[in-house]
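The same subunit A turns up in both complexes below, where it pairs with subunit B and then with subunit C.
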Partner chain A sequence: MQIEKNAMAGTLESSDAMVTVEPAETGIELEISSSVMNQYGRQIKATVLETLERLEVTSGKVTVVDKGALDCTLKARVECAVFRSCEKSAAGIPWGGVIK
Partner chain B sequence: MKNAVGREIPDFLLEGGKEVYQGKNYMDGKYVQKATPKTRRYEKPQESKIVETIKDALIACGARDGMTFSFHHHLREGDFVVNMVMKAAIEELGLKDLTIAASSLGAAHDLIADYIEEGKVIGIQTSGIRGRMGQVVSEGKLKTTAIIRSHGGRPRAIEAGEVHIDIAFVGAPTSDCVGNSRGIGGKSNCGSLGYAMTDAKFADHVVVITDCLVDFPNMPASVEAIDVDAVVVVDSIGNPKKIASAAARISQNPRDLMMAENVAKVIASTPYFRDGFSFQTGVGGPSLAANLFLEKYMDERGIKMGWAIGGICKPMVELLKKGKIGKVIDVQDFDLDAVNSINQTPNHFEMSASQYANPANKGAFVNKLDFVVLAALEIDTGFNVNVLTGSDGVLRGAPGGHPDTAAGSKVCIIVTPLVRGRMATVCEKVVTVTTPGDCVDVLVTDYGIAVNPLRPDLIKCLDDAGIEHVSIESLKEKAYSIVGRPDDVQFEDKVVAILEARDGTILDVIRQIKPYTL
Partner chain C sequence: MIKRPTPERFRLRRTMMFMNAQKPGLIKDAYIYGCDSIMLDLEDAVAENQKDAARFSLYHALTTIDYGKTEVIVRINGLDTPHWQEDIRVCVAGGADGIRIAKCESAQDVKTVEAAVEAAEKEFGVEVGRTLLMAALESPKGVLNAYEICSASDRMFGVAISGGDFRKCMQTKFDPSGIDMLVARGQMLMAARAAGIQCFDTVFTDLDDNEGFEAEVRQNKAMGFDGKSLINPKQIRLVHEVFAPTEKEVLQAEAMVSAFREAAAQGIGVFTVNGKMVDVAFIPGAERTLKLAKACGMYEGDLV
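On to the complex of A and B.
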């Protein structure tokens, strides 16, 4: 999947994360801030990168403002933001399999 | 050197005879030489001790560089006194190298963070440290090592002369012209003045700061004129809205209520739950709600509570008024119901912090406690509790009376949800040990109950009552299965604060935070 335009998913509520994606020329540029950075920063980064990889996103600027979201929430927010960025969120969502 | 809770205490902190934590009751039976203050004689009768300004009071007490000023925290997040005094000392008199020895400090004292950064305040001794002050101390900006003590450890240290107070400042809701002070009767009422009492007896000088001058004699006085050098009348000692909250409402959160019910069940399963039992609870959601369920069990068994202590709030006062508690003895008040009840409702008494929790006196109230119900930021598989440092390692809490009541009580119950957001409350190793595991008996979470293996008697009580319980390790694993296994918080080497056990030994150290990079 390719990030075609700016898109966002999630909220700044506690236990959620707000994920913003923007198109970029090459590579993934990832920016993370988190209320649980010291203990989970590494895992948040790994989860986000893994999810992008599964979605076959190879370029884009991704910003995560995490408020203590669980891994499942992070994955869902990243997925949704990417879908929205390429108009996939209305129809044709590849349910069941892309996000593990 | 490693201490009894497995924490590595750097040797340089042990110079001068300081010891590492050795386990509970280690100091039992030892003798202590109490310190005595050097106080001024006021032989010539004085009509009044009122001086115009805080600056005048500071001058009258011989304030100079390097002194230690003490404060109480009864005005809580509404307090104006600490900032007023420090501002006068630093900005009007140009003093520096000052140490603040307070019973607790909070976000109301953010201003002090500036004085720490400027090097005007070089020492902090307190129970609570939060807000910007917690941040700058954690960043290593305080010139000396901060000392964190429990509410019982503080009067112990003052009496032993480990902290010598040059001037004690007592924010008083009412005072007369010679310094007889009370926590009620004015416009910024806080109820008990228990944390100020030891300060007033052991400080070289005592200054009362009030916003409500009343006729002499202001009786019964919490801080007595015989200990007071000067009285200052100011416009306001604090914001009443933040001093005493409106009555804390009992939680309606079903998770809190479920945990509270289980706390009451555990209590009722023990032999200590009998007519005349004693009790203390914190004011957190589930701890407070435990009162409600406990009352049901008391009614069922036809028994009454003999006495309750602690920070007092509405549910306790209501039980007292209903005749279900014999006596309430009060070191601090959290809401207006408690403020308006102390020394007014029959059998609602005031006590000093030493009387409440000091491990070095001849028998504090906590020593006679049957049950205490407390919260935790974190609890590890050794039952060690952290209520001081956040998951980022920054100082943002207070041991308060937690370690004192846990050590003194027959049954100490920690009640906390298993996870908060992504934080595992039950974990492998707490960031900072504020209450040692050998003082903690039962853990009640929303995912199960665990009993400290050090208490086979309580395990039997729960088994006999048919209360299910699991190992604390399994609760930790459950927590990690939800939120993931956390990485260890990284610190620099520099020790920014010592966490003193209530007996004066070193329980843990807090190190400078390390900026996190991915």
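On to the complex of A and C.
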């Protein structure tokens, strides 16, 4: 998928994360801030990058403000933001396909 | 991916706690509270512009979090919204045990949902018939059509009333005596029993009114409800206490079931236990008491 326009998903509540995606020319530019950066920063980064790779997103600026989200929440927020950026988040989601 | 066991159509459902599927802080450890079922909500708790995000969140919760023995039901959006079909797809793909149909008004509503569920089961390679259904009656029309709704599908395990919407339609408000909902509760209970499915009461929304809550739960039990919808974990314990059988009831039920089995083997149909006449008609009730007692930790025998 390609990030087509700015989109956001998630909240700043505890156990959640707010993910923003913006189009970019080349490559993934990832910015993470987290309330648990020291303990989990590396894992958050890995989960976000894995999710983007699964969605075949190769370029874009991705900002994650993490409030202690579990991996499954991070995945859900990244996926939703990317699908929103393509206006494809409302129906026909490939559950169990690229979303897994 | 968590593979949930095949849902049981008839199981203990004393407490069914609502939680917003869009809030990770709530759904990540919902099983620790010990309610019989959790109800992940895609409907009213989720704002109109967050329906998509709630589904992504729900899918990953269903496939990642081990809810153990807690049943996982999802409340989908009404059939008059643009959301319900995608809601059904995500429920089935994620392996939810059941789906609650909001604002159900006719057997046709149940059949419409059933057709979409079956299509989703085929799409996602889920065994056809696995996903259970329950209906929420929220309007006078729904209550009047309760029997046709309850008997509309083999997937139906229960029916619940939604007090907020129903009172709005009836132009009444909450009354501590329950008079505002008496006819609706009674009609729905009779329809559910006639169709052989379970019946659940509405939520009690004033979390500070403990006496009012207890009075309502006791009335629910006296009327014959199987359980109650809840909005807060602190409501669980009281419902389990009120719905638990008394020690005397458990002993009597145990005596009846074991005496019946012995008598039946000897070809005797009617006999007495502790001075009370017992025949086959009493046995399903006694067995239900023992099952309930087992779930409450009051009975450890092997009769059920």
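One rule holds in what follows: the second predicted complex is superposed on the first by the 100 of 100 C-alpha atoms of A that agree within 3 Å, B and C clash if a C-alpha of one lies under 4 Å from a C-alpha of the other, contacts with A are read in each partner's own complex, and residues count from 1 in each chain.
To be clear about the criterion, a contact is a pair of C-beta atoms (placed from the backbone, for glycine too) under 8 Å apart; a residue touches a chain by one contact, two chains touch by 3 or more.
Treat the numbers as computed from the prediction; the structure is a model and nothing was measured.
**Q** Here subunit A is shared; do subunit B and subunit C fit on it together or clash?
**A** Here subunit B and subunit C can both sit on subunit A without a clash.
**Q** A:I32 in the overlay: touching subunit B, subunit C, both, or neither? Say first, second, both or neither.
**A** first
**Q** Counting only touches as set out at the top, which of subunit B and subunit C does A:E13 meet: first, second, both, neither?
**A** After superposition on chain A, A:E13 lies in contact with subunit C alone.
**Q** Which holds for A:A69: it touches subunit B only (first), subunit C only (second), both, or neither?
**A** Both subunit B and subunit C are touched by A:A69.
**Q** Counting only touches as set out at the top, which of subunit B and subunit C does A:G41 meet: first, second, both, neither?
**A** first
**Q** Between subunit B and subunit C, point out the one touching more subunit A residues.
**A** It is C that touches the greater number of subunit A residues.
**Q** Per the contact definition in the header, classify A:A91: touching subunit B only (first), subunit C only (second), both, or neither.
**A** second
**Q** Just how close are subunit B and subunit C at their nearest CA atoms in the overlay, in Å?
**A** Distance of closest C-alpha approach: 5 Å.
**Q** Quick check on the output: what are the common subunit A residues between the subunit B footprint and the subunit C footprint?
**A** Residues common to the subunit A contacts of subunit C and of subunit B are 14-15, 69-71, listed in rising order.
**Q** Name, in rising order, each residue of subunit A that touches subunit B in their complex.
**A** By the definition above, subunit A touches subunit B via 14-15, 32, 35-43, 45, 67-71.
**Q** For a test of understanding, state which residues of subunit A touch subunit C in their complex under the given definition.
**A** Checking each residue of subunit A against subunit C gives 9-10, 13-16, 69-73, 75-77, 79-80, 83-84, 89-93, 95-96, 99-100.
**Q** Touching residues of subunit B toward subunit A in the complex: what are they?
**A** Per the stated touch rule, the residues are 391-393, 421-423, 482-484, 486-490, 516, 518.
**Q** Would you mind writing out the residues of subunit C in touch with subunit A in their complex?
**A** Subunit C reaches subunit A through residues 1, 23-25, 28, 51-53, 55-57, 59-61, 63-65, 82, 85-86, 89-90, 93-94, 124.
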